[in-house]
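These are the structures in question, set out in turn.
Presented sequentially are two complexes of chain A, the first with chain B as partner and the second with chain C.
Right, the complex of A and B next:
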């Protein structure tokens, strides 16, 4: 469907006006080197406007509202990430004041990789989240099978409990859990964090597994069973191709989310030795002066596994997160 | 009841890790229990709740939290809708957009809060827009905007999935019938993507309610405006007033339940199981 000429002209006009405003503000109010970023943004927006006018009366299937929206989207998403990078690479003792990095220094990254405290914290996070994910997944897949395939009375209430736990403010139960751990004498051990981490991992795993299992072609299973497939053939020709990819991504996502939990980690650990990474970073922000570079660097490194996951399975993750309400 | 064989393990574990602490919170909230002097525990009934509900600080916090939730959800919904509509048209760029859209969500909330605070206090935003000395409220706004930035991508993903359910043939006939842009949005797009909007709003609202890292980071002693989660955190884990903290925790849960109870019927969230 080709957009109308009028709609394209409106998009071009808005794009041009926006570019004009950005360019003027940039030249009058912004110091270099950021001024160049403003000028580039201005030129791109005004060029979009000009192209929109040129192509307005052509049958080409291109939407200038779409292009304008995508440009705004790219700026909004990437500017804070660039700023995080600038903070992380700031030279020692300097507060960066421009968005574009000046004098890139990698010492904060070196410090983050070499720091024993951060390494311990990362190990704690991985260990706790990994164990909690391993415990949660079998339970979650079984429950998801029950939710999707098997009739049961009170199923809706059970599903409501799962969704409720995902949306619940975990902070509200952090206090009681820590008291309980003190009562058990387990307060301050890394493994004591695992049951608490289930509050985060188990409902999320169940919810995402339900989404995966709902898309599985179940009539195929009934058909191959009716044809007399052995258990091994069912696994090989049905379970492996239909379930494995989706559930693998679910496992990895749940693990990543478990790793980024802040509330339970910092509420349930008495000292720095057993704090998971997000909680350690929070502690550092309060206690260490000039900690922003170290925190930003650690945060960017911590992003890497999630980014790798996103690069490996972009379609599946978007599908999983987007379609989960169906 | 065959289904319960599959459901029971997960539900039992889930109840053990959630219902048990909630019960314990209710029990603790009925007594004074300063962790600093464990011997002084005594049963006080609903006194803790009366204490919390009659202080000005609590109600300011509730008002501030509600205001933050409203602004955050509206911003995320508008931005998410605009981005989803743009991405819907730019199919060529999907391979890139799919990754970029979720990048902010991969950054830890603590890190995003730190860099957004720095941006408005000493960093580029302060220099660009001539901000000087924002104060705690300004910093709270900044970290909340950071959280909006983190959540907009996932909102756009949910809304884009909703937008893809809008029937193209229905849209083509609406155009052929001469429907205006507003009529097309109101009569064709909205009905198809209503479930996605409902889920996005409920999910983002409850996520905004539990936002803790940012407000905690910019919290300074003696500030007037604090959010409810920060109050709970401060009472339980800084001042160790366990009884009072538990009462606040229970009230925070009630807050979440009321918020969900208001939003779910309003948006007609569909049942999926």
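Right, the complex of A and C next:
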């Protein structure tokens, strides 16, 4: 028995056992219609287990641990999403009792769109994240160019600091930033959030831009210059095709991530007027009528830009974010 | 067409180590081809990039048609260049890649350009690939596209950085021949780099041997091969390269590990009081004394030794004749190699002999070398004392 066959059989066994447990729990403990969801999950897991046993010796590079992991990942991401959808579409006055939606009403979405608080918060988020992205991108591209092209000492340390800033918990600097804002008398203004948002957007934009710039065929720049291209021709024939698609996606990604920030937003805004949307959803739920449905609806709407981005540029985003795993 | 002249071009290295380009002076008359050959890291590509205006030199002058262009940008110099890593536009197909450099300047004739592209594509076996993208091509095809892009262009002069390196042995000769023919027909001035010695000798009007950023010798291929100016040129050109063996002047004689040669007065005077020199013997100048070539040699150096190994090559065979050298001499040779960062010396002599004689390892052989074919070098300066 080769190690991969043994490993596949272990994955199959675990998958089957997990499916068996989920199925039994669902049948015994869960009421319909959610019971069907438990049974579907159980069937998929047990089928994976069966397939794993049947094809354990396949010469193809199939990882049943990978399949099992994907299935578990799908469950833990789709179930909360489905619950959010069920809450958002629950009919007026009804409290959702099951994961599967019992009756679908779009009223909460109308409420979320019509709510002044949520609309203001969305504008704040777009404004803050948009400005922070616009400021971050030129700086990030220049920094990324330095990291990729300029033979300077200490590049690795500087790049390490960029990565460190991405990993740093934003909450740790929220306090000092708010004190600074108070000292400058800017506490409570929408625009005061922009410099703070740069803590999120700038390192992320730099990190992603480095990936884009590393993939640029730089020898082509020399070739175009040797061919006698003018500056304008260099931009048109080299910079535009080589950089624009990648940097456009980086800009959109950074904007979406900037829009999702709630830590800085909630820490640096004294009142509801200047709270960005994620912070509003978290903190100001009491101020929105029929709060849980409206918040769920607003949350789902807020996800749309990210979903659209993923659907439009799946390969490029996968390349940007998953590059180190290839 | 345009002549190229380089005067004392120097590019200093960071940190004050040996210069990357060391006082280079070259002349390429219009309509001729110069090959720059040398080992990897010699500075050949940097020299071409500096000529094209992509790199700045620390000092020196570059002249095109006697006009200084050292401070002129690449567009002003108008030199076509083929890059070692091809540098093709990934989003353009082969036809557009071939056309690209010609379309950057206004006023080109679209029909004439298209005809020229078809013609060059035909020469370089790219006609069937004109619609393909670079990603769909193999390295050899990509290199031919890069080459074609320059051939299509009408420039002042042409710089080719290892333009044939990715071609298979069989195709390489053809690509080389059509390229030189096209350049000659259009009376174009070209410089190409290669670390393939045979390519340099067979393709160019003149050859420059470069190493450690320094041009050791420039001349016609025959001149360089037969009259190498120094030990590096002698040891670098030729396949297999020239045998370089330590030799000791003793009175009228030069004592080498396997043979002793009588010195004439002129050479004796040039050797002077040097205690040790290096003798250079090309493998093809070693003859089997019993063969036709060996019998015809009159003014000869001869010796008998045991064959260590034989390599039969079809048209000829290499006999490896081992010898011992004293540790002190070996240390001296190692010092020279360290200084040059290049392996010049072996502990055996290679003789390229006729393929028809039946040679076996272990058998004894009498070797004859024409005396006038033996070069003598100063081991410290590398200077050829026989010139």
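The working rule: the second predicted complex is superposed on the first by the 248 of 326 C-alpha atoms of A that agree within 3 Å, B and C clash if a C-alpha of one lies under 4 Å from a C-alpha of the other, contacts with A are read in each partner's own complex, and residues count from 1 in each chain.
As a convention for this text, a contact is a pair of C-beta atoms (placed from the backbone, for glycine too) under 8 Å apart; a residue touches a chain by one contact, two chains touch by 3 or more.
The model shown is predicted, which means the values in this text are computed figures rather than measured ones.
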Item to complete: Consider chain A as the common anchor and indicate whether chain B and chain C clash or fit when overlaid.
Response: fit
Worksheet item: Given the touch rule stated above, what does A:175 touch, chain B (first), chain C (second), both, or neither?
Response: first
Worksheet item: If you stack the two complexes on chain A, which partner ends up touching A:219: first (chain B), second (chain C), both, or neither?
Response: second
Worksheet item: So, does A:298 touch the first partner chain B, the second partner chain C, both, or neither?
Response: first
Practice prompt. Mind working out whether A:237 is in touch with chain B, chain C, both or neither, as first, second, both or neither?
Written response: second
Worksheet item: Which touches a greater number of chain A residues, chain B or chain C?
Response: B
Discussion item. According to the stated criteria, A:167 is in contact with first (chain B), second (chain C), both, or neither; which is it?
Written reply: first
Fill in: Closest Cα approach, chain C to chain B, once both complexes are overlaid on chain A (Å)
12
Worksheet item: Intersection of chain A residues contacting chain B with those contacting chain C?
Response: none
Worksheet entry | chain B partner contacts - residues on chain A that touch it in the complex | 1, 7, 29-31, 34, 63, 65-70, 72-74, 76-78, 80-81, 83-84, 86-87, 95-99, 139-140, 142-143, 145-148, 150-153, 155-156, 158-159, 161-162, 164-165, 167-177, 179-180, 195-196, 198-199, 202-203, 206, 210, 256, 260, 262-263, 266-267, 277-278, 281-282, 285-286, 291-292, 295-296, 298-300, 302-303, 306-307, 310-311, 314-315, 317-319, 321-326
Worksheet item: Residues of chain B touching chain A in their complex?
Response: 1-7, 9-11, 13-15, 17-18, 20-22, 24-25, 28, 79, 82-83, 85-90, 93, 95, 97-104, 106-112, 114-116, 118-119, 122-124, 126-128, 130, 146, 149, 152-154, 156-158, 160-161, 168, 171-172, 175, 181, 195-196, 198-199, 202-203, 206-207, 209-210, 212-213, 216-217, 229, 232-233, 236-237, 242, 245-246, 249-250, 252-253, 256, 260, 270-273
Discussion item. Applying the document's contact rule, which stretches of chain A touch chain C when the two form their complex?
Written reply: 217, 219-220, 222-223, 225-230, 233, 237, 241
Discussion item. For a test of understanding, state which residues of chain C touch chain A in their complex under the given definition.
Written reply: 49, 52-54, 74-75, 78-81, 83, 85-91, 100-101, 104-105, 153
